[in-house]
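Next up, some structures in structure tokens.
What follows is chain A paired twice: with chain B in the first complex and chain C in the second.
Right, the complex of A and B next:
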């Protein structure tokens, strides 16, 4: 069953042949995918509510090949859609109207770990976690740590300005990418920001910063120079157990208000901890209302001192138990478990949709209460696992897609939660992006003039709107059709 | 033409009508809109001075972790338009790392907001980064929202004198590869002071004390000051930026006085800057389009380079 019927690529057979021949002449026949049976792999990302086949997928092996592919697409008037590992959660790599998908997965090398300058030069298809794996023997790591980090690529991280649990203290992708090489939609090759051997202050406009988080709409990133940071000397990772989400929420606010910036501050409610316990047997109490993972890092003295403060704050909020991870292995197990939470939810429900709203941190208790109300009103289970310290919520709305009424209620519940986030002074997306999914929310969060200004920036990089079209902005092609079809199971 | 609006609305009218804009003074647009310590964020109008903002934030035990020279006269607008920074940028980053939202008046008078007041937000394109350091060439930032940090429990500045750059280099490498987490890592050669390395540590009392002790073992002495930075940079100077590992090589070529952010590879000095610091820079087409899109009538000042 599929919600959006696959739209046949709107390409005439003669053009199809010309296209495949031209692309094959650049990357070789083996690196061009144009058979429908193989294209299906590329019909969506981890947001599966909308699907469509690209016209073709190419798998270039070099920067020069990417340049040539983009030029061929220009000549033939075909849209291009850059793609990494396809782990994005908002349909940002959906080929809405066909087009040539440029998958960077073959360009996945780490080119240099520059220990003295604390930098790594990598190809765009390099997997996020590989950088830390290679850097850690030198006492360094790459800070952005999305849950998909064993699979997601650095090019995708740049496109979505990825976050992760540890962005609370360390910042997001834009804070850790010094510069990158990008093939613009006109086929020109640019290096934005700090060059591989360059100094960190760059004259002129911050084009690097302007294009991070542009969701693949400004060009195809091919190589990146990322910042590495020193591995903290010590860690303390707590699991604090509470009877209620409310107690856990207030603990989060109190920790921040006490002037403590933990490395990470994550919350999981009862449904999530039960699902995780069932799947991985890590020893979560099954009757706890909510648990917090609080990680402190830094020099030993300060960590020790803050740990005492955190324990006191947990006690004040009636924590039932505060467990300390006793070694690196226990700490790693806890994080592995946290990052697999979405997967474990697959055991609870045939389908779920994840939201990614953000509220000011002090509004976490308010939004959690609101989610409970929405859950009751629509008679849907909505477990929560999220970056509480950042106010970045991830309610998982569980439903069964075989029941059209549940589908409708799930979509409605998601809309209500995100609308509330905006009302509370927040945002509809903290790390997943707008993509094809949240286009309708842009007008709730921004004025027409705000959106016009964003379009001006797009016109700088892609005046013809050929790169990853039909995303982000209201009125995008087929948007109405998608919205209509979303309601109807096909 | 100098603009001196009393409100954001007035600036919108003035910009819409202006043919050429020179200086924009925002003394009339200088309120602290909101500081929510529990959220660790603050929204401020661009005419407020940095010193005043810091003073107001300190009442809630927080600060905006940037320290450019002359905070008493630098406004939030100046800070953002010129991406100003000081010695603590090694540990705290620059204002690019702390701005989470802004309101800007475009040259045609339209008020545009970007980002927001939450610390994580990827809705829409990032114009905040674009406007930092863009001077007033694309529009005028009138309001900014920052994420903040708790004021450190304590901070210590330590210094050590050297006779020769070679000795300073050895010491720098030793600190670089140690477990120390300095907030400032500077090297300067100023008349009277000689060649001096300055290291600051900040944070929980226990960490500051432990790190200061470690630095003393390396020959550093406490109670140093960071005044040299503002003093040196108040006089005519130029700057350049090299990869941190190339800093010493470059300093050895200099005969003039200098102040160097040794951890960042940024040098302020009085000689001719060497050729570009390794950063590619052919953006004529993109920059022309940028100006055309945001300032089609070309009424705003041209972006100044060194």
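Right, the complex of A and C next:
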């Protein structure tokens, strides 16, 4: 039983029956999970290096229920942790010190698709991909497309300001959320940004951006008004095959330097393409050093012109082959592969930790070389699949959690890579968030004043620091076993 | 320490990414991670690790799993969830004490009646009598809803040992009659044989065949499932066959896994592998070239049987066949690959969730505007037919793909 954390006595769930009764009186008995045997599945999200049980999980079905649950928690002084599908890769919804998890998974409806105004009103637990599924018959789609989009929720996208392969051209979540409803930690209900019924102007200050990317520390988002954009008239999606990561990296820089903004510009190295080929058999070359997926979209004439330029740039950088997806089915197959790359790594290794660093685009070859060195030094395989177009790298450090030494080396390797990202003028997270995972890097990346300013903003929304506590900020209270877990993690 | 019942390497293939969550019908209904594939694997591993006992709570969540394997389609890392589930259920049945009602239901009704066609026939006799006397309305609620699943017309039929191809024969194919199929959907077996004959195949239906073992395997009785497998392998070994055809997706998914089921039995492992390699669902075997649209096509949609699309990865072939026959009148069904709640004997063991999913499926069918919904599995047919009836959607017919194609083909 090495894989599951033994819960030390001081953080054992100790919710008394009366508290369970109070929560149950709001949401109903079947919507309160308080037994250890059922809480265990909530002890981590997709980041499995640290685990801890929440005190309880509630599954509200309406905004009113969320408000009441938050009020009960407020009265009882219990921390609250908003949770969507739990696909966070940085432990964003880890119950570091227990607390009541408010899972929005029952609030998953699309309330309205407003085709004429090109926007949709959805509940926070609505799955990202469902919006596009419903909007596509009208020639519209929801642009932010994290790889977890078949499962992740809009609430979680707002919390982490999610991006995705198409971020390069379309922007991230904050560019596509017009407004949202949020239950503040004191139980008050606010709508920030563009209202669901009015025009696109905001009354008073536009505070919309404040909580987007706040990692669930400002309150519980319950509904969101999102922007829908027109499906491009045409696509051209290339798979460019290179002998080396360096050639591919230079191609990326050259494409951007030529003034082309592809819809997406993604890189995968050899280990990843092999794993994907085993899983999906789409015909990736097994001996290629790296492949790029380059997607161009827009009006047919412009796309045609850019396609010629891209092909020329690939050729100049000695691409071995440039394949064009011949129809929608081929294009869909390519994207399916790319978006499932993290999971496909499960075929190579029992565990992995995904890093989410950012470097200036011009430094992509440097960081790739550095990752290779780290990989050799720690004797760990580190395949790479990432958003090359915006310099957002995702090295996947493979390890086996049953071997404590490997775990230790994996954590060290991750630290070294992220530190290098900061040194190169980048950041320790592009889209996955700081969560519980990367707290130690905040002081490397930000000055004391930066951090103070962030804390002051947070205090406006959550003065008691009860909403998703112990995340993001250094010096936040950590459980005694927290550090120990980081070392052992099994 | 609990004895290991899971293949740890298979369980560890789950990297906890969560991409399976929204493909899971029960998770969509309850929103509870315990009712999701990722959650269930976590529970299975917790039981294996000795952290949780084989107690009421985890068992409840494993029981609620439909075994639809939609999570396998969604899973990027190739977790063999179906195998993990069967291994866990086998372990649960050995170590967990169930209520008297559930024991009778599982050990007697499901496992000792349905796999035997004549017993099913006998068991259905009272249904016919009650219906004839119009007394079925007097039964208690749970029995009435079970009864609603039984089709109004029961067409029991057995196929002859060999039927000859129409026109020049391409070769011999074996045919599996199924247990529920031959008792309740005998006409569909007729249609299937007819389609194969028209396609140029002699249809061989060995008498010695029996239940495929799916109901046992899904219910956690792996040893009994293995007995079924051995019997069927032997039954089909006599004649050289090009393929062994099955028209019920649920049975098909077990038949193609005989190799896996008997992999540790040296006397049978190779024979099982050879058998499974020959098993083909009717839709993958039929050549769609012969299907022609007819003038008066109704608007038609297609429901993916879980054990065809998720367990066997077959979803384009049946659509192609239906589309060819339907001309331009084909519409896609929203959530077409989401389980209808039938899931073998699930609607008997977990009636509440089965009904929620039935309602969801029927609403999607009604919203599609189709007048015909085609599918490939008897369980789905029963579930959808009874759901349409409950919803008062008399204008929509649910038909097996063999019957749909047979009517107009050629």
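Everything that follows uses one rule, which is that the second predicted complex is superposed on the first by the 468 of 490 C-alpha atoms of A that agree within 3 Å, B and C clash if a C-alpha of one lies under 4 Å from a C-alpha of the other, contacts with A are read in each partner's own complex, and residues count from 1 in each chain.
Definition applied: contacts are C-beta pairs under 8 Å (C-beta built on N, C-alpha and C of every residue); 3 or more make two chains touch, one makes a residue touch a chain.
Predicted, not measured: the structure shown is a model, and the values here were computed from it.
In the superposed pair of complexes, A:41 makes contact with chain C only, with no contact to chain B. By the touch criterion defined above, A:122 reaches neither chain B nor chain C. Within the superposed three-chain arrangement, the count of touched residues of chain A is higher for B, of the candidates chain B and chain C.
Legend: residue contacts after superposition of the two complexes on their common chain; A:430 is shown touching chain B, with no touch to chain C. Once the two complexes are overlaid on the shared chain, A:340 sits against chain C while remaining clear of chain B.
When the shared chain is aligned, no partner comes close enough to touch A:183: not chain B, not chain C.
In the superposition on chain A, no contact is made by A:100 with either chain B or chain C. When both complexes are overlaid on chain A, the residue A:86 reaches chain C alone and has no touch with chain B.
Once chain A of one complex is fitted onto chain A of the other, the partner contacts of A:446 are limited to chain B, with no touch recorded for chain C. Residue contacts after overlaying the shared chain place A:299 against chain B, while chain C stays out of touching range. In the superposition on chain A, none of the residues of chain A is touched both by chain B in one structure and by chain C in the other.
Interface residues of chain B facing chain A in the complex, by the touch rule stated above, are 36-41, 61-62, 93, 96-97, 106, 110-114, 116-130, 132-134, 149-151, 176, 179, 181, 203-207, 209-211, 239-246, 264-266, 277-283, 285-287, 289-290, 293-294, 303, 305-306. By the touch criterion given at the top, residues 1-4, 33, 35, 37-38, 40-42, 44-46, 48, 57, 59, 85-87, 103, 105-106, 108, 125, 127, 129-130, 148, 150-152, 279, 340-347, 350-352 of chain A touch chain C in their complex. Chain A contributes residues 114, 116-118, 160-161, 163, 167, 171-172, 174-175, 179, 188, 190-191, 193-210, 212-214, 230, 233, 253, 256-257, 259-261, 298-299, 301-302, 304-306, 358-362, 387, 390-392, 425-434, 438, 441-442, 445-447, 449-454, 456-461, 463, 472 to its touches with chain B in the complex. In the complex of the two chains, the chain C residues touching chain A come out as 9, 12-23, 27-28, 30-34, 36, 38-39, 42-43, 45-46, 49-52, 55, 57-58, 61, 74-79.
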